[in-house]
Each structure stands twice: as structure tokens, then as C-alpha cells.
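Here come two complexes built around subunit A, the first alongside subunit B, the second alongside subunit C.
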Partner chain A sequence: MTAPTTPPELVQLLTPEGERVEHPDYDIDLTAEEIRSLYRDLVLVRRVDLEAVALQRQGELGLWASLLGQEAAQVGSGRAMTDADMAFPTYREHGVAWCRGVDPLHLLGLFRGVNHGGWDPIEHNFHLYTIVIGSQTLHAVGYAMGIQRDGAEAASLVYFGDGATSQGDVNEAFIWASVFNAPVVFFCQNNQWAISEPLEKQSKIPLYKRASGFGFPGIRVDGNDVFACLAVTRAALRNAREGNGPTLVEAFTYRMGAHTTSDDPTRYRVADELEAWKLKDPIERVKAYLFRNQLADQEFFDKIEAEADQLGRDLRARCLALADPQPGAMFDHVYAEPHALVDEEREQFTTYMSGFEGAQ
Partner chain B sequence: MTTLTLAKALNEGLRAAMDADSKVLVMGEDVGKLGGVFRVTDGLQKDFGEDRVIDTPLAESGIIGTAIGLALRGYRPVCEIQFDGFVFPAADQIITQLAKMPLRSLGKLKLPVVVRIPCGGGIGAVEHHSESPETYFTHTAGLRVVACSNPVDAYTMIQDAVRCDDPVVFFEPKRRYWDKADVEFGAPGLPLDRARVAREGDDVTLVAYGPMVKTCLEAAAAAEEDGRSVGVIDLRSLNPLDMPVVRDAVNRTGRCVVVHEAPVFNGLGGEIAARVTEQCFYRLEAPVLRVGGFSTPYPPSRLEDHYLPDLDRILEAVDRVFGY
Partner chain C sequence: MKRDFKLPDVGEGLTEAEIVRWHVAVGDTVKVNQIIVEIETAKAVVELPSPFEGEVAALFAAEGETVDVGNVIITVDDATEEALTESLVPEEPQKREPVLVGYGVKQGPSKRRARKSPSAVPDRPAAEPVPLSNGSDRRVAVLAKPPVRKLARDLGVDLAVVAPSGPNGSITRDDVLAAQAAPAAPAVAAVAAAEQDFIPVRGVRKATAAAMVSSAFTAPHVTEFLQVDVTETMNAVRRLRELPDFADVKVSPLLLVARALVTAMKRYPQANSTWTDEAIILKKQVNLGIAAATPRGLVVPNIKDAQALTLPELATALRDLTERARAGKSTPAEMSGGTVTITNVGVFGIDAGTPILNPGESAILAFGQIRDMPWVVDGQIVVRKVTTLALSFDHRVIDGELGSYVLRDVGAMLEDPLRMLAWS
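For the complex of A and B:
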């Protein structure tokens, strides 16, 4: 272990070069097996992401929001949860979905337009993706208030980005969480860009410092350091479960790719910035650490690469096999109980469609 | 039988719902100690505690957003929006989140959230306290929208809304909060999605809901003196509409006038007129007419009597519908 190489306000336990460093408040004791497992998560979620981008480019997905560069923030925080904790994602938390056991095929289904999210949020304790920015922070706080009322040992973990911190809902969620002392952790992935708008358009102070105005702790963590993200989120969740209220975690990271496949970041940011962040890659540093400490050999890395390739191939095949839903499916689940208007329109639509049967 | 105001009937209905199911929560601004600005939740916090009757921070989006989260955890929140004109900060959570989440989850999630909104004018209030925003919500698939008009319905409808597994936007006619009627505790009402024939009539059918039901009944009584038999339908449910009840009545009378406080243009009256025209075309003696608010923002209260449909404007429309 060596002295920290970054300002003390940024919690870092693993440097970009793969060196373990100490932090006075946070530490983590991971077995070699656990570190290899984190490495595997990081590689596999990046592979899912790359495959999805390719599928979109080939016209098989309507859109994809890449997580490239944010793997450590998502895997670190995702692996910090217990089964009883509940995650509320944005639309980019493919790595958290992976940690919660959601089949990546469901994520592709959403972006292919087969449905709006096919996984069971209750089974996985992973809520549906939320597209409108910041809305889910209130859901997470309400859920946490439910946990309080149940007397359960659990917490909510809600994801959002730097842009979302400007939303009214996020600020209301901070207030609610604070005054009700709700067991919730606000996990802000500050990836520096809200589509084309840099952080300066959202805030004049570091985002984690916002928390103090609401009356709870905020902490900034190296979002490309999976150890630090795991340690900090784990501590914040434990704190919440123990009745000590919310924490804002700002994971300082970088969106290596475009906002979505519809975006062109060359219009608003310079290539040098991307190159600088490539040196802080979240996966390379874990690989370097494993190598340097002889916790994994080449055979291990080859095995993970092969697994990733297989995952990508398998995902691609299953994506292409996703059938379009039946047209009448749009009438299903609009209401939980029978609804005269939807029933009437379904019947009219079915009759209309049946007129085409047998037609050339 | 107990004589109750509409506000007290809602209070008793909420009390019964909370007694019946420990997952039912009441939340909103000033709903606890104060009992709500209209006292609809009076005494509930005292009896059910602060965990179940929650005085919230002053933020409408936060009320609905956290209610959604509570519902995801298995609770059945009843949210109070203090006044109609204050619901718009919560519109995103209601329209984008609450209404669509069950479908987005392919039915795996249920959102049994009730959004209570005191609505309508006639109480001499300052601006944003007298509006009729129902059409914004009837236009949103995934929401049920209902409006009570009297204490008897208020008592049962609020309980049915709480029991319903769908989100329900529940409009309460604030100028009728102090109207009284005999209410029988424990008695079931009409199903939540049914309209009620408030008055039988042979010559013309008035279709109304919420605060305008009483005004229409008064108009019908006045018209009777002129020898016209005017029926009144209280829609109760605004989405879905109970069209069979409307259709049967209009098929009998051949004439229909829809009355609401909300602006006529793009109001619910247009939808009802279209459906009545489609379903009763060969029985209609005249086009369906509409009486309602004007295409102006709600006026200062010294003008509201001119803005709101009253007995004379309804009877004028009744006269016109006989002019064809």
C-alpha cells in the first residue's frame, strides 16, 4: 500500500495503475476470489454493452445508452447491495441490472421496442428503467419510507446522473429523505456530461457537497475504482439500514461513449479529454492489480474473455430471436382491473384486425 | 343512518378504509394535525398515528413520487393535493410514472394510489383555487378518474377508490363539502365505474358530475314547473365513462345536454357528445349541447358566477335543445 495519489476529497482505494491505496475512512477486505469475481462482472457488462451498441448499429435495436466507462461505478455499487435492498435505475444501469441477476436480454428488449422492460422488478429487487430524468429518486425514497414502516433491514439505492441533480424531483427527494430519515442511498454517477452539457451547466459546487445543505452526508468516490465504489456504497447502505438516514454518493466517472447511439459527442467535447480518461479505465486497473499481486494468471483472463465472447454471441442470437409482441398486447395491463373503454377498444381492434385474415 | 356533510362522509370513508387495511396511508400537506384545509382528514392522525397519516413537505411532485414508492413496497397511499390548481407540479409523476408503470411492468406492478383533489369554483377563492383539471387526467391511459357529487357517494366511492388496484384520481367538489345527507355506514354503493341516474326524465337528459350534479337537479326541478321532464345523470366515473347508462337515457329522451365547470372546448362534454352521437344517432332529436366554463383562465371570484354554469344557463341550453 502507498499514500493516496488523489485529493483527499475523492475516495480511492485502487489507483488507475492498479495500486492499492489507503483511505482514512474507508477500506475493504476482499478475497482473491471476490476480486476475480468483480473483474469478471466488469468485463462481462462491458461486453454486453459493446454487443448492444453493435446491434443498434446493425438496426436490431432502436437505441442504446452505453455504460462504457461507468462499469466500476455500477458493479461496485451493485455488488454492495444485499438481496433485501432495492435498486432504482435510470436507463443506463446495465451493470447494476447484471448484479441484480436481470437477464441482459430484457434490457435489449426494451431498446428493441418489444416492451418497456420485461423483467420482474419484485423478483430482482431492481426497478424498471426510468427514462424521465430524476423521477425515480422519489420512488426510491417512498420505497425506503415503506421499509421504515415495515421495520425491515433494507435500504433503497437510487441511481441518477449529474444532469439529474438539477431536477426538482431530485431535490424534493433529498428533502423527503432527510426529514423522514429514510433508508436510502443516492448514487450519482457524475459522468461529466448531460448529453452535450458539461457539469458547469448544472452546478457551481462539487455535487457531493449539495448533500450538506439538505442535512445529510455527501461523499465523492472515484467512480472508476470498483473497490472504492463497493466500499463507500456498502458503508452508506449499512448506515441507512441501521437507521442513520440517507447518504449522497457522487461517483466521479466519465461517459466514454456517446449519450446514446443517437448522439455525436464530437460536436461538443474534445478528443484529449477522452484520451485522458482512457488512462483511468475501470477494468485495466483491476487487471493490473490481479496480475501484479499474482492473484490471477493469463489462463484466468483468457477464460473470462472467452466467457465474454460467448455471452455476446448468445445475447446476439437471443436478441435476433425476440419476436414482436402480438398487436393486441398493447391493450394488456393498462389497468389491473377490468376497464370498459380499454375492453371496448381491444374488441374493436380485434374485429378490425380479423378483417385482414386470409387476405393476400 | 347518520347525517353527514360531504367532507365528513369522506372522512368516515377514509377512516373505514384505514380500519379495514393497515397498508392504507394518508399523506399530503397539512393532513395530519390540522386535518386538511377542508378537514377531510380531521382526526385521522390522532387515531392512526404519524406513520399512517403523514404531513409531507410542501411539494406536490414529492407527494405523488413518494406515494408511488410506498405503493411499490405494498402500501396503499391516499394523497391529498390541497387545491386543484396545485396539482400541476405533480403532473409528471401522475401522468408519466403513476399511470404507466403497471403497463410498463407487464402487469407485475400494481399502483393502488389515490390522488384526492378538491376541485371547482364557487367559493370566492383566489386564483388557482377553483379549477377543474379533470380532462388532463381523463386523457391519460392508466388512470381512473372519478368525481363524487354527494355525501352518500363520497362515503362509498373513497373506500372503493382505496380498494381499487389501479391509480385513481378522485375529484371532490369543494363547494359541496358542506352539503349534508343521510349516510348509512357499511352500506355498499354503486361500483366505482358506474354512472347513477340522479333523476329520471322523459324529455331531455342532463349529463353532469361533481359540483354540477346539484345544479342540474335544481335546473331539472325548475324545468318541471314549465312542464318539461328533465333527467339527470351523475357520471361518477369520468374514465371510464359508463356509456350504457347515458345511452339508455338519451335513447329515451332524444335530447342531451352535458354540463361541467371545466372549459367547454376540449372538455369531457365533447367526448360525451361524440359518443352519444355515435350510439344514439337515430334517436337524437337535436345535437348534443354543452354548457361549461369559457376559454378563459378561471376569472377573479367577483366574476365567477358569470363563468360557472348556473341554473339559468342550463335552462337556456335546455330551451335551445328543444329548438331543433
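For the complex of A and C:
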């Protein structure tokens, strides 16, 4: 068998040039206000990301995983959820966190090493970041089966990358979701690179086609098209809530930056590829669309730009002001209730720490 | 107020970085997040953005210098009032900065500290060490609590030579302090240290080491030798020098060796190739590398498309390439993309060697010195100009047969330069 030579069709509603196109199965009717608001989210999310990269380079964060290039996939899918839906992120879903109302400062705290994920997952219906590759797909399926048993009107949406599709956990999650008809949407951001491993070394077929083998639909969407990501994810979530089981959404996008700040992509990928994807920028096409259809003027764009700069400055100041936790704080969240063994361990640890020179 | 920017750990547990290029100079005005410097770590070349706004007051490391993480590399004056309270706070003792992975980055004093010689340890006999119940070697099983171990480390005391007084033969805090107070003897090791010099491993030396190790341990090398009578080549060199085409450029035996090797690469394209796990990539261009000894170390720039050059053009390219290399001005483009290399060991008065391949190439030719040797011509012993050629090749790509053909043909062309005309 030979691999298909033509690239498979992907759902696109807004071309890289900012032209609106129709799709027979997926359409979306957005007001000018909604489009401007999507644009604002895309710009602000990118700004948060840039500031975080700079802070890492200045020694203020231990690490950062940049989302540059994946803003549309995250904002589109993030905005598709209802308040009752539950999101399970990897460690790169800063845009989804933004859509779920998580203060970016909490994300920075995690990468600064002063918290273990500083937000309440239940408050935001946004689970903590998962560093282990793909394990959150199992959590999401379990959560979805809980929704199913509660008879609730909700679905779970789980994020993972192209590399994670090679993990056992993800494949097990597909199987469980399929046989239990769980209300879950698998949202795979295929950014083409699993650190330094290109997609063609991971899969002989397009990723979305894998779903059919597990027994549920898969769909490929232009991951740099925020309209399409919103429309497709919204439909998939609705489908799940209505009891029709899981969907795999493959958002076809590109990681414009390094895997993390510890990585140097120039060592393994060619500049031409990056240049080609620059032309498909997720933000520029929305800007072009707004401009061409006179849905926004220069004043609007300037205002968003200024807001982004303010957000960056503010985030920087608050990040630098984050207090280092006391070493003993790690015992505080092991159990919700008091626990004799943990108390004993805390006591031992405190005694141990006081044995150091200059201990408080 | 002057604000210091310390070299951060930009890659999870890195301890040092080399300053590649400053983007700012003293007196420049910088903004927050403006790129100020490029650094190269073990993992990547990274641009660092300024955390401060203001005027650059001082740079503390030169380009090419390797700096430890935690050292101040730049000071920026943000033109605000000096905060007195801050300057009154004494420097904190060495402190570990939290990072996500690993044990944190220790902030050390400026520059790299000298290696500690064993003489720093008080040379005090371990008077009557208390035998351990299991009778094991004390050097292996020193008993001490972690805070005591830390104290010993901080004070530079080797626990193995501290006499224990605690329960079960364990070393206490007081034992460590007592050991530190004991007079430090000027040990023999100090003399040994004085007899050694340390050259920091960086720059070209570091890159050369990495390339050699990578090449030597990935490509199975084979080297073949051939002695060649190059009397005719020397005659050809002499006559070429008289031609007006070569009036402005030096004609050396190396030029003809270069032309012979390029010609051989065209005859045997598989020798002009790169091994990858998926395919052997045959290069249509011959990018001829010349290993050059420069004040900075070994560099191997290459002449692009050498197969397309006329002999005078090749001579000019050779001259320009070596001049730029010696001046330390070889461009990164010149140093990458080579397909085959010549190393001219003859200039050092050497006959032959077993050269290591330039990574990514499949063959390298060592050109030995040319000297007068007794040689048999038509049954008579006569004095001829003779050199030794050594060809190392990657046995994954080139079998003994092909390698032998390449070396034999290069030799044949040097023995009778007319063959270069016939074969090119």
C-alpha cells in the first residue's frame, strides 16, 4: 500500500489571505464583535507567550514551552467550550488557559517553580498542566465517563500533540472512549514536530484517519484558522454532549518556536519550512479579514497593541514579585484533610532543614 | 541605579555559556526585552533579552569567553535613585536559585574558580579511626548526617580524613569544625598543581574535539597509503608558474593535488558523498575542504563547486581560502557543506598520517612531504621527488576496492599530470 500523494482535505473557513470560504459541513456565523474579540484573544495570548519566553531568557523562569503559531488552534477550541465542559491541557495550552479565565501569572508560577499549577481546576474547568506526554487523555476519558454517569450536559476536551499519538496512553484512551461512547473530544494539535522528530517518522497515515480504526470520526482542521477551529470543535463538543461519542480533531498547525526554551530547532529543521508557515500566520489572516471587510479600523488595532504591551509589562512585574514558597509548603496539599503521617513528615523535614547553616 | 544582569541558566541545568556576540556596547540605551547578547550553551545558540531599561554601564565578558551561570555579564543604569537600603544589605552567601529541573543553579563568585587541590584538605592523620561494626573500609562508608556533610562541603573538608566522635563512628559537626581548624599542611599535591597548566576548552578547540569524536566514533575509518613519484608534477608546477595565467597567483604542488582529487571525485561520485541511515547522498558538487592550521586552531573551509573551476580559478580560490582562514575570517558558509578534504601534513615535514574524516564527508586525503628518494626507473636506481598519499575513507560508503581506485588514480595523475587532462 502506498501513502496518499495529495494532502488530505482540511476544514478551512478563513484562508491565509483572510478570505472567508464556505464548507458544506461546518459553518459559523460570527458577529463583528465576536471576530474582534477572537482577534484580541489571539494577540494577547501571543503577547503573554513572548513575555514568558523573554522572562525565561532572563533567568526568571526555569523553562517555557512557547505556543507561537498555535494561537488559533487554542483560542478557537478554547472558545468552543461551554462553562460546564472540562479541559485537560498539556503544558503548552496557554491560549486555552486564557480562554478559561486562568490568570497567566499562575502559568508563570509553575514554570518559575513557585507553585505546582497555581489555579483551581474546578473553578475554571481547566485541569492542571500535564507534563507527562499523553496521560491526560486517560484522565479526560475517565472524566467524560463520569459526566456520562451523572447524566450531565457537558463534555470533556483533551489536548495533546502529534508526538503523543505514539503513546500507549493515548491509544488506550481512544479505545475506552470508543467502547464506552464517552463524551470526549480529542483535540490533537499537530504542530509537525515532536521535539526533533518530524511527523513523517511517526505516522504513515494522516493522524485524523487513525480515529476510524478505533471506531469514531476524525476530522482535520486548519489549525491556523481560528474560525474553523471554533466551528469544528464546537460541533464535536455538541455531538459528544448529545451522546454521540468521541471525535478526534486534528488541528493542522506548526510550532513556530522551539519545543521549549531548552531546545534549538535550527539543529534539526530547515528555515524554508518556517518561512512557508509564516505565510499562514493565524493572527494576520484575521486582521486582514477585519480590515478588508471594514469591521475594524487602525484605531482598534492600535488599541489592542497597547493593551497587549500593558499586559506584558504588568505580567512581568507580577512575575518578578512572586514569592518563593517555604520548603515546608510542599506538605500542605498532599491531603485535603489533616493527616497524621504527613504531619510527622513535615515535623521531621522542618527539623532537618533547621540543621543547615543560616536556617531560619 | 545600576542593575546587574546575571547569566541565567537558559536550558535546564546548564552551568556555563560562551558569549558569541554582543548586540550592545557601553553607553548604548536599551529597552526591556531588547536583544543584548547571543550566547552559545551546550544546547543552543540563544539570544538574551535585556530585563532592564536604561544605559549600558558595563559589559563583563568578552566575545568568545566562557562564563559561568550566575556571573554578572552586563550592568544597566536605569537612571533612578540608588536605593540605599539595598546597597546596605550584605551579599548573601552562595545560594541556590530554584529551577524547574535539577538541584538549582549555584551562584558562584565571578569567573571560574580554580580547581581545588587536595592540599586544601587539612592534612591531619585520621588518628585512630573508630572501626565500624561491619569492618568495611572507612573511605567507602563515612557516617555523617546530611547537614554535617553540607557543612563539610562548604568548608572544603574531606569527611574521609575526619576523625569521628559521634555514635556508631559517625562524624559530628564539631569533628568537622575541629578538622577545619587543624593546620593545613602544604601538601605534595600543591607542587603537582604548579607543574600543570590549564587551557580552557572552548571555541575552535572545543568544536574540533566534538567533530573529531563524532567522526571517529560514527564512521568506520579505513586508511590506505601510496608512495608516488611526483617528479613530473614538480616539473609541471615549474612550467605552470611561467605561464601568464598564473602571474598573480601561487602555483604549488597542493594545487595539482587538489585538481587530481577533484577529478577523482568526478570519476567516482560515490566517494563524494554523505552517509545517512536512509540513503547515501551522492553530491554533484565537489566542495573541496582544505584543512588549515591557524592561530585559532584547526579550521576546514571549503571551495564550493571546485569541479567547475579552471586551474587558475582553483589556484585563486585556494589562496583566498587559506588567507581568510589564517586571518580568522572564514565564514560559517565556507566551513560547512564540504564534500571531501585535503590535509597538507607535508608542510610540517611529515610523510603520512591516518586523517580523521571531516564529519559528513566520506573521504579525506593526507598529502605528505615531497623529498628526494631513491626510486627505481627502468631498472635503474635514480633520485626522484617522492611523496606519500594517505586516503582515509568511511567504510560504510566506500569499500576497499573503490577507496583503492580513488587513491590509485590520484597517484597516477600526480605521477603523470597529463592524465588530469585526459580524465577531466
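The criterion applied here is as follows: the second predicted complex is superposed on the first by the 336 of 360 C-alpha atoms of A that agree within 3 Å, B and C clash if a C-alpha of one lies under 4 Å from a C-alpha of the other, contacts with A are read in each partner's own complex, and residues count from 1 in each chain.
By our rule, a residue touches a chain if its C-beta (ideal position, glycine included) is under 8 Å from a C-beta of that chain, and two chains touch if they have at least 3 such contacts.
Just so we're clear, the structure is a prediction, and the values are computed from it rather than from any experiment.
S.K.: Looking at the overlay, does A:Gly213 come into contact with subunit B only (first), subunit C only (second), both, or neither?
M.R.: A:Gly213 sits against neither subunit B nor subunit C.
S.K.: Under the stated touch criterion, which partner chain does A:Gly168 make contact with: subunit B (first), subunit C (second), both, or neither?
M.R.: The answer is first: A:Gly168 touches subunit B but not subunit C.
S.K.: Count the residues of subunit A touched by subunit B and by subunit C, then name the partner with the higher count.
M.R.: B
S.K.: May I ask you to decide whether A:Gly328 touches subunit B, subunit C, both, or neither, giving the answer as first, second, both or neither?
M.R.: The answer is neither, since A:Gly328 touches no partner chain.
S.K.: By the touch definition at the top of the document, which applies to A:Gly243: first (subunit B), second (subunit C), both, or neither?
M.R.: Touch status of A:Gly243: no partner.
S.K.: Thinking of the overlay built on chain A, is A:Gly101 touched by subunit B (first), by subunit C (second), by both, or by neither?
M.R.: Neither subunit B nor subunit C is touched by A:Gly101.
S.K.: Is A:His116 in contact with subunit B, with subunit C, with both, or with neither (first, second, both, neither)?
M.R.: first
S.K.: Do any residues of subunit A touch both subunit B and subunit C, and if so, which are they?
M.R.: Common to the two interfaces on subunit A: nothing.
S.K.: Under the touch definition given earlier, write down the residues of subunit C that touch subunit A in their complex.
M.R.: 5-12, 32-33, 43-51, 93, 97-101, 145-147, 150-151, 154
S.K.: Could you please specify the touching residues of subunit A with respect to subunit C in the complex?
M.R.: 50-51, 54, 56-60, 62-63, 111-114, 258, 261-264, 266-267, 313, 316, 324, 352, 355-358
S.K.: Enumerate the contact residues on subunit B facing subunit A in the complex.
M.R.: Per the stated touch rule, the residues are 51, 56-57, 59, 61-62, 64-75, 89, 92-93, 96-97, 100-110, 141-142, 144, 164-166, 193, 239-243.
S.K.: Hey, which residues of subunit A end up touching subunit B in the complex?
M.R.: For this pair, the touching residues of subunit A are 115-118, 120-122, 127-128, 130, 132, 135, 137-150, 156, 168-169, 172-173, 175-176, 179, 332-337, 339-342.
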